[in-house]
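Everything below concerns the one structure shown next.
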Amino acid sequence: MTLSRTLIVLHAVRTLAAWAVALLLFFPLGWMLLTAFKTELQAIAVPPVLLFPPTLENFHEIHVRSDYLLYARNSVITSVASTLLGLLIAAPAAYAMAFFRSRRTQDVLMWMLSTKMMPAVGALVPVYVLAQSSGLLDTRTGLVIVFTLSNLPIMVWMLYAGLREIPPEILEAARMDGATLWQEARRVLLPLSMGSLASTSLLCLVLSWNEAFWSLNLSSAHAGTLTTLIATYSSPEGLFWARLSAASLLAIAPIVVFGWFSQKQLVQGLTFGAVK
Amino acid sequence: MAYLQLKGIEKFFGGHRAIKGVDLTIERGEFVVFVGPSGCGKSTLLRLIAGLESTDGGSLVLDARDITQAPSSKRDLAMVFQSYALYPHMSVHQNMSFALQLAKEDPAIVRQKVERAASILNLGSYLERTPRALSGGQRQRVAIGRAIVRAPKVFLFDEPLSNLDAALRGQTRVEIAKLHRELGATTIYVTHDQVEAMTLADRIVVLRDGQIEQVGSPLELYDRPANQFVAQFIGSPQMNVVAADQWAAVWRPQAPAAARDGAMGLRPEAVSVVAPGLHPVEARIELVEALGAETLIYARTVDGAALVARQSARCAWHAGDAVSLSVDLAQAHWFDAAGRTVRTVH
Amino acid sequence: ATEIVIATVNNRQMIEMQKLTPVFEKANPEIKVKWVTLEETVLRQRLTTDIATQGGQFDIMTIGMYETPLWAKRGWLKPFQPDAAYDIDDLLPGIRGGMSHEGKLYSAPFYGESSFTMYRSDLAKAAGITLPEQPTYQDIAHFAAKVHDPAKGLYGICLRGKPSWGENMAFLTTLVNVHGGQWFDMGWKPQVDSKPWHDAIGFYVDLMKKYGPPGASANGFNENLTLMSAGKCGMWIDATSAAGSLSDPKFSKVADTIAFVRAPIAVTHKGAGFSWSWGLAIPSSTKKEAAAQKFINWATSKDYVKLVAETDGWIVVPTGNRKSTYAYPEFQKVSKFGAMELKAIEAVDVRDATLPKSPYQGVQFAAIPEFQAIGTEVGQQISAALAGKTRVADALKAGQRLAEREMKKAGYTR
Amino acid sequence: MTRLLPRALMAPAVVTLFLWMIVPLCMTLYFSVIQFNLLQPDQRAFVGLENFLYFATDPSFTTAVLNTLLLLGSVIGITVVGGTAIALLTHEPFAGRGIVRVLLISPFFVMPTVNALLWKNMMMNPIYGVLAQVWQAFGAAPVDWLTDHPLASVVVMVSWQWLPFATLILMTALQSLDREQMEAARMDGARWLQQQRHLVLPHLARPITVVVMIEMIFLLSVFAEIHTTTGGGPGDASTNVAYLIFKQALLKFDAGVASAGALFAVVLANIAAVFLIRMAGNSLER
Amino acid sequence: MAYLQLKGIEKFFGGHRAIKGVDLTIERGEFVVFVGPSGCGKSTLLRLIAGLESTDGGSLVLDARDITQAPSSKRDLAMVFQSYALYPHMSVHQNMSFALQLAKEDPAIVRQKVERAASILNLGSYLERTPRALSGGQRQRVAIGRAIVRAPKVFLFDEPLSNLDAALRGQTRVEIAKLHRELGATTIYVTHDQVEAMTLADRIVVLRDGQIEQVGSPLELYDRPANQFVAQFIGSPQMNVVAADQWAAVWRPQAPAAARDGAMGLRPEAVSVVAPGLHPVEARIELVEALGAETLIYARTVDGAALVARQSARCAWHAGDAVSLSVDLAQAHWFDAAGRTVRTVH
């Protein structure tokens, strides 16, 4: 039974190591979480305070100073809308590539990815001018369009990989059963691609939510998202770390929590999304 | 009048001519089996009939209607795929009723049809499960059930049993045969399994390299193959074919003139193994396979010809034994140098 | 209702203004005010992109003494139109001048600032030092050396080190000024590699290496404010606007002991302290000028100062724009720094800030469009020297080359 | 019909992406050959390749290119190696694996700006930062990360963000590893390490390509982290190409030079991508 | 002395007792086949022997060494997996030499061994390909090759042919038999295929529900099954089993007393179909399957018993015909109510 004893020890070591790594990687976030509930003086205390009566003062201050709900709403609306719009455009393309493959499919995919290679800042002036002349500056619509376009290649790519996992015979079976293209898509394809749709959406949601450059530069009073809220606090009059932490926490909390809950989906979807 | 008619069907994949002008007529209610080596175009032909591939030439007529250009969904055919292609997100019931729902059939009738099919296929107690929760054989039956609820003009089966294990395979084969008798539906069936082809078919179509080699009833093909290819393709263990230079001296005079530089074919049951000296063809046993009910004996003649004999009695021979072979030359098939059967009168 | 969008920097005074907006909206029910509050550098990028492309996203922009004359010259701004109640002559003349172009006020000063020396009187007392009202940099070095005690987490002096024309170069330009240097000579030739620069930067790097906090090359105004308020620094030479926060016990550990003297001098007193003001300006792309003018009149008025005082107390009122603010006895009572600040601001002349004559205006900057780039590039070099990555001489040589390159590209020099 | 349909379905994506690429690209091309400073919009003379020349002769140019590649290389290296290690560590079930996974992937959801602020202020600050406290607790002098190791600090931040991404993908990829292959290797006498080296790593080749490709796209344009923390300094020690372009565009407001820089970045990205994409393309198709 | 010995092997999966105290001895050089219905524990037993699962009881002795606790890598066994489990990124050569390389074998010897294995398996020209570029049969051979280069003490095969199509299957089966004859290696082979079991095995082990039902040579099991389960499991088409209440009147007197409330088993070859009236057992034909060399006739007696008859001649019967059945009761198997064989002396 010596064999299984070493196995148990090994297992324990592995468990500990995994937890250690996880806690280490999570530590900065956890620290921020703590700081958000400190007072400013506690936040910069040396050595750091670990036990303290939590205060909600920072959150209150943020609430008074800026319309958190407006920013949050903009973030939700723009990221959700751009994800949906992206799906609407990307899904048919991915479908076509996955089920009507041709020699050029691979090239088109690669070309799509390559459109993401121009640094955003290099295109700022052209895009700004375009947005301004089409009246899309500081509108959620404008942001949605830009987010959608910049996420589109990745969406097509992930969906394509996901759809390729679906055996074409199932679609053919539906066709033999008398399904029209639309029925085939809605009643067979859609339910089958739920997993990859979900993971693709989640990834794009995260990317849109965290998009800082365009949201900062193309919005002002009405369409600003939570990333612009951060720009309000990122270097206030003196480094108000506690307040900064609180603001950051508010900015990332929705997406982190959402990410936690959909973690399983992400793991599953990605399996056949990006990899297989 | 022919029910389903293929006229000069052609199919190219890029530059590759996969189907080379196939003509075939199938009667209403007939059970036709396509056989042929891997890559010969069986599936492609089936998919052309189903409308899953577009034809590059020729025409298809079904029940006096030209369907060459009709989309699959309008052809009124049902297909059972090799991989079943069940809808994984639907229950068995939904899988089977999907086509009827699309056709906007009255729900009461749908229920009735599905239940009838389920009872034929013994699926009654699985109707609410999803395919994931079914065994291979059950999935297979669902796939068939999905086809039969529709009462289509023609059933298309593409190697439907190849994913099953031997036992289940035999069982399902019998079920398909029974079903065909009961429903009397026109059926086209692709398989590479001997037993399936022999037992199910009214007529077998032997394909090779995108062309039809021979069409006929199973025993017709077994007994009167048009050429060596068909002869060797039908029957298991396959027909012994002995090239002219390995013939025993006693066979040579019997050979028709046209076969002199060809080959002789002998079904394993036309060969029997007897004690040495009893017959002029001396041989040595290489392997004996006792299957219980029958025994396969692999022997090699002094002329170098490898022959398999099949006998239904047990035998006492062992590998290495010297024996002589008794061959029923009346049952021999003769092939000319090009492999075509040389007809003899007997 | 008319909706106006105001872009502003996330400084304390502006946030106060944002909080008081409802008062304005109540008085002017036909106007709704929307705020875009951004960090200074981001704000500058946003505003420049918008105004240069005539984007028209903002009706009021918060801009400083650097942009105002440049943008006004381009015709990008509408002149400020004071209403009858607006006492325009109450504005501090130096500040007003810096916010004007061809005699017209284009950006109404919201608050103004200069720079001075902030130090811990308790440490001074303990070390037995008294700083004169007008110290020299030798006094500063002496003080820093005396109080420096890193083992206790106390550093002799904190100064800006973060590379940017608005960060380290703002302070360093005043340091160069008092050492008799300038950015450009009358022929627009960059002077970064000149002796006054070597003297000033050499002194600075030496001082900071000896008595500065670790990581000084990443410290800007905000970082230093935090250090100072946490009691980590013995002294700090920076904008007068920091004094308010440092005096507020809610944020500052050193509120009781903080003391102020003038910005230090060396070979000259010219250009020793900043002259800076944030003002509210109206881009010409706006379609809501009337409402915007109304808001600016309200926000930079004497009444506004009183309103802030009534709401939040005199300690937080915007200063540095109006003489009258300093005259209120209530203000004088609460602010230890008020008098010193007024002196500092009045002492500066943005048109005559360097010992040799200069072709540009501005104390801690040169008001030409290329300055942002040049200032930042040179600032990076000096920051590298401060971090010990290069030697001062090499940094200045490189800075000189960069400046010459920019000036050549812009067509000032051949 | 079967040829039209896929085209019709792909059209929206292809057309929008084409426009999204071509319009800014053309404008960028145009801007790159004229003199165009936002602050002096009236002077728009044709200058030919001067902008390119100006961008390429920037004293920081070489450093920036090197830093870009260094950043790209080290972050990809760290995330791939770290991600593989973590994925292997968490592959087999253990107590609390679900929570561990959640903790592990959390950093991926953090905005780049918040990430930078968090590390700069709360972790790496040489006076109050957690790292400084830890160093002091062990009696060592705190390291001034952003000054002394600016590029390494940026690498740490960016890696922290992307490590979860790599972990996630590799973790899921591991699940598709054929169990019988591993058993075959065990029967062949392979020990744990040999199994990892000969079977697991080759199996992960494809997901690793995916990680590398996606990361490359995002890493080539990192500048928020640099801007927020080191400002590209000290000197140009942490300036990368994206930041250099950023400086041209939003500090000097020189749209001409910025455009030239952007075009250069496209070229750089493509050079970096060409062999990568070939590799990825092949491994994706197999 | 036994070469490989299993003593009271137990295996639990959670609460489920998958292997219930299996005892088995295998001689050096023997070819043992495990058969049994799906889920009976064949794979589990194999994996226990391989050391891929840990035992929960009992012990394993190989070549006089107790290997119960030894890790797989130290047992010196080679396993061929159902899915082949080839290393996809390695060439055929690398796949085959992997184990030797791990064992730090001299490269020259490695090359020699691999080449020898490749020539035995006819893989010589594929050595540089990766598994992706091989056909199913070739992959199968690589998997076998990977095992034989190691010359292990015991070969373990887990349904190695189940992924192949019928033709290839027959071919590979013959190759495995030849290989075993040539190498004389001790082999344990899991299959659910009748023909494989019958032709390959020296001894067959019939498993059911984690227990051994019977061990014996193929013909022993075919002719003298220990019980009804084994009787029906061995042989295809499977043995006809007629419950006592469906017996024809003429059969009843012949039945041993113990089988009176049990059942009678008849191999299909023990039943023949003759014209009605010729024999007392009247029946009606339900289905005739002509396989070419032989014919299967499915009939139902007036007592309701379904019987399959197998005959090697063609027949003229058709479904629906009334016939009588001649049964060779000397060949009948008798089972008691519990399904145990009732021994009769003949």
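Think of it as A, B, C, D and E in the order they're written, each chain with its own count starting at 1.
Heads up, the rule we're going with is that contacts are C-beta pairs under 8 Å (C-beta built on N, C-alpha and C of every residue); 3 or more make two chains touch, one makes a residue touch a chain.
As the structure is a computational prediction, the values presented were derived from the model and not from experiment.
Note on connectivity: the fewest steps through touching chains from chain D to chain E is 1. Looking at chain C and chain D, the chains that touch each of them are A.
Contact counts per chain pair peak at A-D. Relative to chain E, the most remote chain by averaged C-alpha coordinates is C. For the pair chain B and chain C, the distance between mean C-alpha positions equals 91 Å.
Centre-to-centre, using mean CA coordinates, chain A is 16 Å away from chain D.
Each chain gets one centre point, the mean of its Cα atoms, and the points for chain A and chain C are 39 Å apart. In terms of their C-alpha centroids, the spacing between chain B and chain E amounts to 25 Å. Multi-chain contact residues, meaning those touching two or more other chains, occur in chain D at positions 2, 38, 127-128, 250. In chain A, the positions touching at least two other chains are 44, 46, 124-125, 129, 231, 234, 239, 241.
Against chain A, in their complex, chain B makes its touches with residues 50-52, 71-74, 77-79, 81-83, 85-89, 98-99, 102-103, 146, 150.
Residues of chain D that touch chain A in their complex: 2, 5-7, 9-10, 12-14, 16-17, 20-21, 23-25, 27-28, 31, 38, 86, 89-90, 92, 94-97, 99-114, 117-119, 121-123, 127-128, 130, 133, 160, 163-164, 168-169, 171-173, 175-176, 206-207, 210, 213-214, 217, 220-221, 223-224, 228, 241-242, 245-246, 249-250, 255, 258-259, 261-263, 265-266, 269-270, 273, 277, 281, 284-285.
Note for the complex: chain D touches chain C at residues 37-41, 54, 59, 120, 125-128, 142, 144, 146-148, 229-237, 247, 250-254.
Contact residues of chain A toward chain B in the complex are 167, 169-170, 172-180, 183, 187-188, 191-192. For chain C in complex with chain A, the residues that touch the partner chain are 5, 7, 10-12, 15, 18-19, 34-40, 42, 45-46, 49, 53-58, 153, 220, 222-223, 225-226, 229-230, 245, 251, 253.
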